[in-house]
Amino acid sequence: MEELLKLWQSMGIANLEWGQALMMAVGCGLIYLAIAKKFEPLLLVPIGFGALLSNIPVAGIGGPDGMIGQIYAVGVETGIFPLLIFMGVGALTDFGALIARPSTLLLGAAAQFGIFATLIGAVALNFLPGFDFTLQDASAIAIIGGADGPTAIFLASRLAPDLLGAIAVAAYSYMALVPIIQPPIMRALTTKKERAVVMQQLRPVSQLERILFPFVVLLLCAMLLPSAAPLIGMLMLGNLLRECGVVERLSRAAQNEIINIVTIMLGLAVGSKLSADKFLALETLGILVLGAAAFCIGTAAGVLMGKVMYRVTGGKVNPLIGAAGVSAVPMAARVVNRVGLEEDHHNFLLMHAMGPNVAGVIGSAVAAGVLLALTGN
Amino acid sequence: MEELLKLWQSMGIANLEWGQALMMAVGCGLIYLAIAKKFEPLLLVPIGFGALLSNIPVAGIGGPDGMIGQIYAVGVETGIFPLLIFMGVGALTDFGALIARPSTLLLGAAAQFGIFATLIGAVALNFLPGFDFTLQDASAIAIIGGADGPTAIFLASRLAPDLLGAIAVAAYSYMALVPIIQPPIMRALTTKKERAVVMQQLRPVSQLERILFPFVVLLLCAMLLPSAAPLIGMLMLGNLLRECGVVERLSRAAQNEIINIVTIMLGLAVGSKLSADKFLALETLGILVLGAAAFCIGTAAGVLMGKVMYRVTGGKVNPLIGAAGVSAVPMAARVVNRVGLEEDHHNFLLMHAMGPNVAGVIGSAVAAGVLLALTGN
Amino acid sequence: MEELLKLWQSMGIANLEWGQALMMAVGCGLIYLAIAKKFEPLLLVPIGFGALLSNIPVAGIGGPDGMIGQIYAVGVETGIFPLLIFMGVGALTDFGALIARPSTLLLGAAAQFGIFATLIGAVALNFLPGFDFTLQDASAIAIIGGADGPTAIFLASRLAPDLLGAIAVAAYSYMALVPIIQPPIMRALTTKKERAVVMQQLRPVSQLERILFPFVVLLLCAMLLPSAAPLIGMLMLGNLLRECGVVERLSRAAQNEIINIVTIMLGLAVGSKLSADKFLALETLGILVLGAAAFCIGTAAGVLMGKVMYRVTGGKVNPLIGAAGVSAVPMAARVVNRVGLEEDHHNFLLMHAMGPNVAGVIGSAVAAGVLLALTGN
Amino acid sequence: MTDNTLIIESLTLMGIGMGIVFGFLLLLVGILRTMSWVAGRLLPMPPAPDPVPPVLTPSTHGSGDTAGSDDLIAVIAAAVARYRTRP
Amino acid sequence: MTDNTLIIESLTLMGIGMGIVFGFLLLLVGILRTMSWVAGRLLPMPPAPDPVPPVLTPSTHGSGDTAGSDDLIAVIAAAVARYRTRP
Amino acid sequence: MTDNTLIIESLTLMGIGMGIVFGFLLLLVGILRTMSWVAGRLLPMPPAPDPVPPVLTPSTHGSGDTAGSDDLIAVIAAAVARYRTRP
């Protein structure tokens, strides 16, 4: 009898809280989006499953002694997991288009306006009842506009760990929604003539340039903005492993083993931050709205800067490629290509959009460094 | 002179204890079984080598500051290594046969009787002088009957870390002995006619069913038995990565990189628990005898449940497949196939035995959850 | 205004110390040697990049809370990373040539004279002003003469962590310089006739011998020199995984995933020890000079022992293969082959040099064990 | 705890344990059958994970997906609302 | 901190932030152009990382490399000297 | 410790060290030769690791292996017995 009572008390159903049930549904919802709608499945499947596991009553899998809680402590609190993923991104990224046409960095810079506009939006939300974001919170939310998952997780884990779950979910969800969010904005801000601009082919880039590139970026970062150095440093390390041509084994490890293993762990750990108390709060709705705004503003800023470059170069730059400045590699560049093809069936903008696209990765890492330097403690 | 003395005192041979020498021999014996007899070599080679290294005098490799001791603390005390292996098992397992014929779950349930019968046996051994098993000890020993290595290690690390070495060795040894232990029992309990039953072909299973399966199992577990949630959860995560079709990279990582790396580490860590004081005790003999009994009883219970299903279905179920319910995937299913072929050279039972076989994995994880909930603290 | 000041104070350029700038240059120099001169790129690229990252002002990436500092604490302070690499080396090494002709072990023994001669040299340097090496320091420096990266890192992390950076850099640099350092010494110490000796073909080695080999070596080490057991043990575990033929998955993991992942981490961690205070010291110059001496003396000792064997065997042993006894696998063996071919275009010594070459690995692990046992605390 | 108490405890454990294992797996049999039935009904219709082999390129959703963003917010808004208005 | 102060703070942050982002990337444009120009000048000459595909065997340096060892010591000696003689 | 003591210490260390290294490896030469001789004697006989390429499926042991389970218990029983009866 006593055993039966003990057993009943140990059952999940006897301890299930309303919020946990909802969060398990949210976890299933994220996995549904990942599988059925192909929303960034590599991250959203583990994040969703992490939410599911962490919200199982009694088990405490996401707690300090639970498996996922321990993974969180080792990999996310220390910042190591997002940095290792960033190394993998660097090893997977070809910066050739950027090296061939460095001016596209300005498009990547302009698109970061989405971040800072969102920062103001987040602070402004405090005027509404129920919101109380600190400047740290606002900074962590704003980085969603960078359209860069690992950067967002890294910054949020440093500035606002409580919001990490919502921020990561928003960041990856909107990255997946780039093909829906961007085209209308791109069409609204450009003329038919601008969209039809055919750009001149990129010059080939030598291996020496590719090898020097990581050093140049890292040294500039070290001199001006050391707070961005972990992010930029790991990105550039990955890229150097890729380009230097003498460490094929390590490059493969960064592109495959490390990034795959860490992605599973990071996803589970982030999912454990999807608890009812933190996630089913008004703040989350605010974050989702602000995130959408950030993407729209970033896209618009990129396109507008594209128009400036169109003018300045006398029509040599297709302003559409500015939209790729938000990063979301390589989806934003693909979207640019698609919108460009609507106008002219032979105008392939993909390679031209890769420049601003990877510039956006550097740009949002720089923005993250600024936010960390000025609001971190 | 002083140096020479210091040197002599630092030599292994000057410090070798009798028990260490014996345990090094045990380690070599395990490796011999693994290599020459193909006894679960993936685990027994690292376990044996871990025993060898940990029993080297003076070096203290298995101690708290030694390499293997640190691996143990990080991976086994936290429970993370067996859970990661379970994720890999999930990613390697095809649950199709179980989904096509869910009734075989009952065979997987019956075979767990071996676990609970052994529990009583372990407690009963206390009447003999020299045995003093607590209920936790008995539970950890009983799980050997689950024929599931990672589950046994996980439970033992939680309930009876001192017995971990002996339990893991017994579990893997008997899993390897399945082809010897099971056939006589199977033949003794079934008639010629029963063994010759040809089962009807399994229906195909849709991808949607395969994707829903992990959620259904996990949610039931979360509601009824959260203490089994880490095990079932990681098994189902692995299976979802495998079946969802959109995270090929992660599925490959779970099936290869992660499981291989963790297997080496886990084996070494488990081997470090093979110390003379803990292993060369009367208890170990008790554990080995109980483990053999557990396998026999589990097999018999599975086959008897198979006979029940044979009756109930009017002869459509071959009772032999009940023996596969002990798990030991996929060896038990192969044994069923082999014994079936003895009777009828064209009766291939392999696919039919896979259902109870994988059901046994779920069944013993459930049993582990019950033991953890009722005897853990 | 205040923000601008805060920002300026957070900039790298406002905090850059002279030494940091120099060390960043040293890091770039190491990467240059790795890429342009193919100096052990697998290690020197990550080490160089680790130096670069760790010397970025303000960021503190190599500090106790920084990413690389944490990697150092987990992987190098515990000794786990070099040991895992040694396991990989074991899994990549074919000891067949050594088993076929065990007498070549003596060549591997002789070459370790470089280590002990350097030990005296390091202590003697104390007579110069500005040097103050303890016996531990001297031992850690001496191990450079072993021409074995992981062994050097393991010993230095135990005996003289402050010198780790300089020792690792020296060890890998000289290993890369083997093709330049060795040939003149080899030519100077041998006659034309000796260099032209054609050795008799090696007998085939059975799988049983290959499987027994790791146990024999490990047991001898356990009995005589347990302080070398972690190194020898992991080397032999890797080799057993390779040779036993039943754990293909684990062997592949040791040879690829584990060694690649750990190499990146280890390189970064070692690089973080390249700080101006420790590296830009007179000691480093001493270490570099001593390291070069160690290689030269080791090579000479190996060749001289080769000459002894040439005499004893009545001219059956080509003394050149003694030079391979310094390890630096497989480069030293290749150098022997090349110098041999200079004399006789059909005399391929590669396989014969592999015996002393892998014997050198065991020899320097033994020497490391001696140093650890007699000077460690 | 005397050995006899232990025996009784372990007998109880066996009863409860086998009960739960059987109960759990029996329940699972039922749920899996329901699941397969539901999946069979859903499958003829086009939605949800297509049996089409996974596309290699991240899908560029057609216009039919335009509701995705709203869906996300709507679903979570509903969840938040429910959670906050709980008794 | 009141909400108004926060707004002002965040406006400052926006100004400084976009300034740095643009400044940083503009500077990078210039440096990358310089880098490409320098790389173009260096490339015709033989030294430094060859555009030849990476060799598979660890290179067995020709006699031209004999200075390698001295180089290493020389470079580091110079660095040490400079460092120790700093004001 | 003065530098002179250090020199003497390190000379001792060199003596002992080279002694052990040579002793160890000389011993190993002998043991390896014995090992090869023993392995050569064992090899003609069928038992132990077959030179046959590793089978891919976990072996389904023939009837000759039936003693495996007893072996295991017997071996460990003997070890336990010896250990417990040590002086």
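All chains are identified by letter, namely A, B, C, D, E and F, in their written order; residue positions are counted from 1 within each chain.
The definition used in the following text is that contacts are C-beta pairs under 8 Å (C-beta built on N, C-alpha and C of every residue); 3 or more make two chains touch, one makes a residue touch a chain.
Values in this document were obtained by computation on a predicted structure and should not be read as measured data.
Shared contact partners of chain B and chain D are A.
Under the contact definition stated at the top, the chains bordering both chain E and chain F are C. More than half of the contact pairs of B-D, counted by residue number, reappear in one of B-F, C-E or C-F; that pair is C-F.
The chain with its Cα centroid farthest from the Cα centroid of chain A is F.
The pairing of chain B with chain C is characterised as different-residue: of all residue numbers used at this interface, under half are used by both copies. Separating the CA-averaged centres of chain A and chain C is a span of 41 Å. Computed centre separation for the pair chain A/chain D is 29 angstrom, with centres defined by C-alpha atoms.
Separating the centre of chain D from that of chain F, both taken as means of CA atoms, is a distance of 52 Å.
Each of residues 3, 7, 35, 38, 211, 221, 224-225, 244-246, 257, 374 in chain C touches at least two other chains.
Multi-chain contact residues of chain F (touching two or more other chains) are listed as 13, 16, 20, 48-49. Remark: the chains found to touch one another pair up as A-B, A-C, A-D, A-E, B-C, B-D, B-F, C-E, C-F. Of all residues in chain E, only 1, 3, 6-7, 9-11, 13-14, 16-18, 20-29, 31-33, 35-36, 39-40, 42-43, 48-49, 51, 53-54 touch chain A in the complex they form. Residues of chain B touching chain A in their complex: 78-80, 83, 211, 215, 218-219, 221-227, 229-230, 233-234, 237, 240-241, 244-247, 249-250, 252-254, 257-258, 373-374.
By the touch criterion given at the top, residues 12-13, 16, 20, 47-49, 55, 57-61, 65-66, 68-69, 72-73, 75-77, 79-80, 82-84, 86 of chain E touch chain C in their complex. Interface residues of chain A facing chain E in the complex, by the touch rule stated above, are 98-99, 102-103, 105-106, 108-110, 112-113, 115-117, 119-120, 122-124, 126-127, 135, 138-139, 206-209, 211-213, 216-217, 220-221, 224-225, 244-246, 248, 359, 362-363, 366-367, 370-371, 374-375. Residues of chain B that touch chain C in their complex: 3, 6-7, 10-13, 15-16, 24, 28, 31, 34-35, 38, 41-42, 45-46, 49, 52-53, 56-59, 61, 66-67, 70-71, 256-257, 260-261, 263-264, 268.
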